[in-house]
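Dumping the structure here so I can ask a few things about it.
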Amino acid sequence: MQPPDRAGREAILRVHTRSVPLDPKVDLGALASSTPGMVGADLANVVNEAALLAARRNHERVNTSDLNDALERIVLGAERKVMLSEDDRRRTAYHEAGHAIVGMLTPGADPVRKVSIIPRGQALGVTFSAPDADRFNFEQHMLLAQIKVALGGRTAEELVFDDITTGAESDIQHLTQIARYMVGRWGMSPSVGPIAVIPIDGMGPFFPGSSETSEETQRLIDEEVRRIVERAHEEVTELVGTHRSNLDSLVAGLLEHETLNETAAYAAAGLPRNPAPASEETPSVV
Amino acid sequence: MQPPDRAGREAILRVHTRSVPLDPKVDLGALASSTPGMVGADLANVVNEAALLAARRNHERVNTSDLNDALERIVLGAERKVMLSEDDRRRTAYHEAGHAIVGMLTPGADPVRKVSIIPRGQALGVTFSAPDADRFNFEQHMLLAQIKVALGGRTAEELVFDDITTGAESDIQHLTQIARYMVGRWGMSPSVGPIAVIPIDGMGPFFPGSSETSEETQRLIDEEVRRIVERAHEEVTELVGTHRSNLDSLVAGLLEHETLNETAAYAAAGLPRNPAPASEETPSVV
Amino acid sequence: MQPPDRAGREAILRVHTRSVPLDPKVDLGALASSTPGMVGADLANVVNEAALLAARRNHERVNTSDLNDALERIVLGAERKVMLSEDDRRRTAYHEAGHAIVGMLTPGADPVRKVSIIPRGQALGVTFSAPDADRFNFEQHMLLAQIKVALGGRTAEELVFDDITTGAESDIQHLTQIARYMVGRWGMSPSVGPIAVIPIDGMGPFFPGSSETSEETQRLIDEEVRRIVERAHEEVTELVGTHRSNLDSLVAGLLEHETLNETAAYAAAGLPRNPAPASEETPSVV
Amino acid sequence: MQPPDRAGREAILRVHTRSVPLDPKVDLGALASSTPGMVGADLANVVNEAALLAARRNHERVNTSDLNDALERIVLGAERKVMLSEDDRRRTAYHEAGHAIVGMLTPGADPVRKVSIIPRGQALGVTFSAPDADRFNFEQHMLLAQIKVALGGRTAEELVFDDITTGAESDIQHLTQIARYMVGRWGMSPSVGPIAVIPIDGMGPFFPGSSETSEETQRLIDEEVRRIVERAHEEVTELVGTHRSNLDSLVAGLLEHETLNETAAYAAAGLPRNPAPASEETPSVV
Amino acid sequence: MQPPDRAGREAILRVHTRSVPLDPKVDLGALASSTPGMVGADLANVVNEAALLAARRNHERVNTSDLNDALERIVLGAERKVMLSEDDRRRTAYHEAGHAIVGMLTPGADPVRKVSIIPRGQALGVTFSAPDADRFNFEQHMLLAQIKVALGGRTAEELVFDDITTGAESDIQHLTQIARYMVGRWGMSPSVGPIAVIPIDGMGPFFPGSSETSEETQRLIDEEVRRIVERAHEEVTELVGTHRSNLDSLVAGLLEHETLNETAAYAAAGLPRNPAPASEETPSVV
Amino acid sequence: MQPPDRAGREAILRVHTRSVPLDPKVDLGALASSTPGMVGADLANVVNEAALLAARRNHERVNTSDLNDALERIVLGAERKVMLSEDDRRRTAYHEAGHAIVGMLTPGADPVRKVSIIPRGQALGVTFSAPDADRFNFEQHMLLAQIKVALGGRTAEELVFDDITTGAESDIQHLTQIARYMVGRWGMSPSVGPIAVIPIDGMGPFFPGSSETSEETQRLIDEEVRRIVERAHEEVTELVGTHRSNLDSLVAGLLEHETLNETAAYAAAGLPRNPAPASEETPSVV
């Protein structure tokens, strides 16, 4: 089942907020624009979390900041009180700033909504990007941009610390999967062509053909994945290297404020915001 | 169990419409001609859906448009209210028009019955083709035509947008499976010959031989599949390129009307309808 | 458990017909000769089906034609009322005639008992062959003859229509399995020798050795299977080509009569019946 | 659990015959010598079957022939009444005579106890060999002799009929398994050496090492198996060819008498009995 | 779920010690610093074990040494009374001293907290290292240091005894896994790049891509793992060789005292303690 | 759980013999020294079996010989009454003497405690070796000695009988597993290095890395295993060849006495006992 679009989300939010005392200034349409990809249960969670926050904060009515903070908790995880060493804070700041800088500079990447070095869930920091409007398909250059953003954290560490850490494990998983799907499902490798060569999970019986690939094809897939990621890595290394001063000033901002929202992050990095595509939807600030 | 033929379907429809107030103008024989491949349960669904639509529309009797709309819902999925950006609409229009143009121009392809850029189910648009009569076997050139039609959407995007998207995933799965079956089950690759070399799903114990193929044979299968798809892709690229004006005018029609039925689609594309094979059955318009 | 022989089948038929009013002209020995390979349950089915047919036909006693028609239903499936296009009928006729002609002309092939273009079960037509006596072992040339008969339908289509269809899928499965068993279980490939190299289904624990074959052996099996089938295909192409007039006249007979029994089929094809091996059993006409 | 030895079997037979009226001439020690490899349940079966036969034959006491016939039924299967064609009888006779001749002529092969062309169980004929004493280990030349005896039936058919049949399937399985175990478990291939390279069934968890062999080792196993079987086949072909007259006269005896016991078989073949190894046990005639 | 940090552990310890008579000199903050990686249940175990020890020792209140001894039992296992031969004691001493010396000399290795040749659990001796502060990510040179420390025991044995034993089995498993993760998950092999190429356990359905690697990629992984471990082995051999006198004097200390704590171990080895990274946390002595 | 050491075993024996009338001369400490590797249940078995033997022998108290005989039954299996041919006895004697001679002559092999050609359990003979003291680790030269002892039986047969038998199957399994673990788990192959390359049984989820080895690594493992075993085989062949007279005289002793204990076996072979390593434990005679 496909998630609801902006109008659908607004309608769902309207239902879930009926039983909640809502500050009249709250703009549910803006909130709907900030929640692409969410389904009914997610939106209900946001409203419940906001009601709890409002109660804890002794607000008589749930206001916009309660809703925005609740949304952030749901999407990014609750903040954790972990005492990091100065070394770990600095390394985390460069990692997140690396993601953010690449996201700000790469055409096709989603705008950066928030950068933070406050640990949340399993992660020591978070960089959150989101499109200006609901997205239905992904163009190849957007996927390459996602791979580059995922590489940004590690590449920044390489340039600044001359060593690499285990901390990029989930970034590496994420970008490998995108690259494999580009090659094996979405026909984006010229060597493989528009042919499905990697299996759909749990769809064996319904789509048997593609899981029976030869060793030679598997080698070709691996080669293409490596080619895509290596080229992206070179370009990201070049990009971050030539924007080292933007990286450093974003890191400085992060070490001072710990969390930067969209406007503050672009300002700290000294970079213009990604151009928004022509669209009738503009998201509210998270 | 093989599905019923036209006469069988008409008889089934007659049974299911007994308890429904039916407009006397309804031609159940024509409806039967429009439902090749459907079994009893499908036809019962069509009648029930039509009765619901008629009730919602305050028709005293179920008429032809109720039945046709019900049939469309069953086959294509219900329309969804999704607000697409102008970019997405245009890209979707070119994708669907690409399928349609290739279907209109390729000998052996089924006639195009409907083209639409109204999202339905998981898809942003739909191109629906159906043969003029029940089909029992598929000739090789019909299978190649199916592969080409599946490639048409993506190829049109390549030509017009100079980028490709994830949107062709199910097209790629579909055409890969046809090409693999051509090579591995239907003996249509000269290099492999009339030998079964890919396993039948869930038939391991009953047909063990063919699933024990060597790596070399698997490589041969992959090579042949790639050869078939690559040649088809070249021909489709050539075809769509030389009919760019037909493509553009079909897109214009789609952007204006969102849905074009058979007659309107061929007219908008400026192309003649596919020749019907000599057959005693001619389908009604869906 | 091995199926009963002719005498055993006659005894079984005698038991099952005790409770049925039987026309005294019925020759149960002849019926037993017509049912090689059947076990008790199959024979009981034949008798029950015959009793039902006799009832429907208002026969007071079950006669020979009831029994023969019942046998045919059990073996070949019930006839289906499907309206085929003239194209489909003609193609089906050539496909079945191809099987039949090759069966009539190839030493070691079983005599053709019936050819029909009336759809039954999943098939659009049927060619039925059976030996003149119970068979206990199969000589290599009989297996090659089975492969050739299986290729006959498709080869006829190739020669006449210059295109091939998906309709030969089950023929291809059948001939591939015979060729694989020849190579991997029956020691009939000189390159492999009298060695078991393909696993027995469901016998893993009891015969582990043969399922552990190397990639090189699997490649050899595939190569030998291809060699056997390719040579057979060449010979069948030659055979059908030089007997095109027999093929055409058999097709003419099929289009006119739809079903031809043994005598009629050989007559329509203008070919002599396969020589019967010296045997004490001669089957009745099915 | 290892089966009991001769003395153990005699003791078991004494227990099971306590409740049976036994002819005083019966020599249970001789019967024990004829049943190497049998366990308690097998011996109980023999005694029960003998009691049934004696009852059917109206013997007051179970005598030696009842016991011997019962033993034969247990070991070889009950005879089946199948009417074979003259061709099938002759082919079967050559097949069984081939096994027997090779068994009579090959050093290390067990003496031939019975040859028969009366179908039993799944088989059209039977050749039964047994050692003169219980055997605890098998020397390499005995295993090669077993492979040769297994090849004897098929090789005789090759020489006489110039065609081969599916009838050797179980012979081929049997000899392949012996050859694979020689190479992979018993260290009898110089190229592989005294190393375990094929897995023990159902012992994966307890003996994991040997099932993890590389493709190269699997290729080596296959090569060695093929080498062993091919050399054996050449030697058997030579052996049967130079003893064609012995083969023919044994076949003549079989066609006349259908079943030949040990003495009659060696006499019909015109060959001396295999030399008995020095042993305190000499088996009774089965 | 991530384990609690130092402050969290101190809070948990405070809860669990409420119902225990605690010596007022006990510093729970110091204990919290000594237990990085522990979760609530582990800390509860430590408190319970300490209470039991205090009871056995007739302490009126649980004091610091009860807590430290309890912590050691939980982390390292209870000591076992095994009478080792002098040979085994000496070999064990060199094995553990080898781990310890490499840990003391390798930048990036954790400080050595305790070395012992008293058997515990399955092991004949124990070398325990722990960082000065909670660690969140691992830099590549720390992972290489872990591999070297794991190789230290075996390398010392190689140098001193000129033979190797089965005793390094778990060291070898541990270092192989680190090296494989470096190559396949953490992007630390230049040949493989920042790509995930080994599967996540039990995550098949959620991360299918990476488990589908080709034989060529698997070969590359194995090659890189071998390269990393071989280079580490060479460096450790060099390192232990040039510090043989430190090794010998640490062994002498171990043979005399059996267990050496942090201070005693560095003193016995004649080596300075590893430099502590700038951190607000300094662990208490275990 | 690790088995108890000598002191632990003595304590366990003391518990289990409390309820048994024990001859005061019995030295439970000596018995404990003879039972390395046994756990509580094994020791309880020994005591129970000894009580049964004492009862059968009408001993008023369980004495040392009852306990030693009981221990032997538990370790080696009960003797079986099988009548072997003179050939089989002689071959068995050479097989066991081969194991024993190699065990007596190879540094690192455990002293031979008993040699016997009385069948026990599945085996026709038994050679039992045990160390002078509990062993905790195995040095590489001890593992090679185990491989050589396992090869000794077969090698003696090769030299004396010029043929090999299936009787070495379990020896071959045993030595293959040792060689594979040397290469794949204990880092004893220079080509593979200190890397874990064969999976731990049933530990897949906890140690996934090592089971994902490439074909090339599997080939390397097989090659190294073959190299180790082949060199050992050459050395054993040389060793047994140059000590043929010791072998022959040990065989003579075995054929005369059937079972030789430690002292008698070394005397019959004319060889000195293996040197005992310095140890505080000396085992009693079994």
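Order of writing sets the labels: A, B, C, D, E and F. Residues in every chain begin at 1.
Following the convention adopted for this analysis, a contact is a pair of C-beta atoms (placed from the backbone, for glycine too) under 8 Å apart; a residue touches a chain by one contact, two chains touch by 3 or more.
Predicted model only: the values in this text are computed from it and were never measured.
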Per Cα centroids, the chain farthest from chain E
C
If you average the CA atoms of chain B and of chain C, how far apart do the two points sit, in angstrom?
36
For chain B and chain D, let me know how many angstrom lie between their CA-based centres, rounded off.
63
Which positions in chain E touch two or more other chains at once?
181, 215
Category of the chain touch graph - line, ring, star, complete, other:
ring
Could you give me the chain order round the ring, chain A to chain B and onward?
A, B, C, D, F, E
Could you pull out which chain C residues touch chain D in their complex?
2, 5-8, 133-134, 136-141, 143, 181, 185-188, 192-197, 200, 204-205, 207-210, 212-217, 277-281
Note which residues of chain A are touching chain E in the complex, please.
80-88, 91, 121-122, 124, 151, 154, 161, 163-169, 171-173, 175-177, 179-181, 184, 198-199, 201-202, 215, 218-219, 221-222, 225-226, 229-230, 233
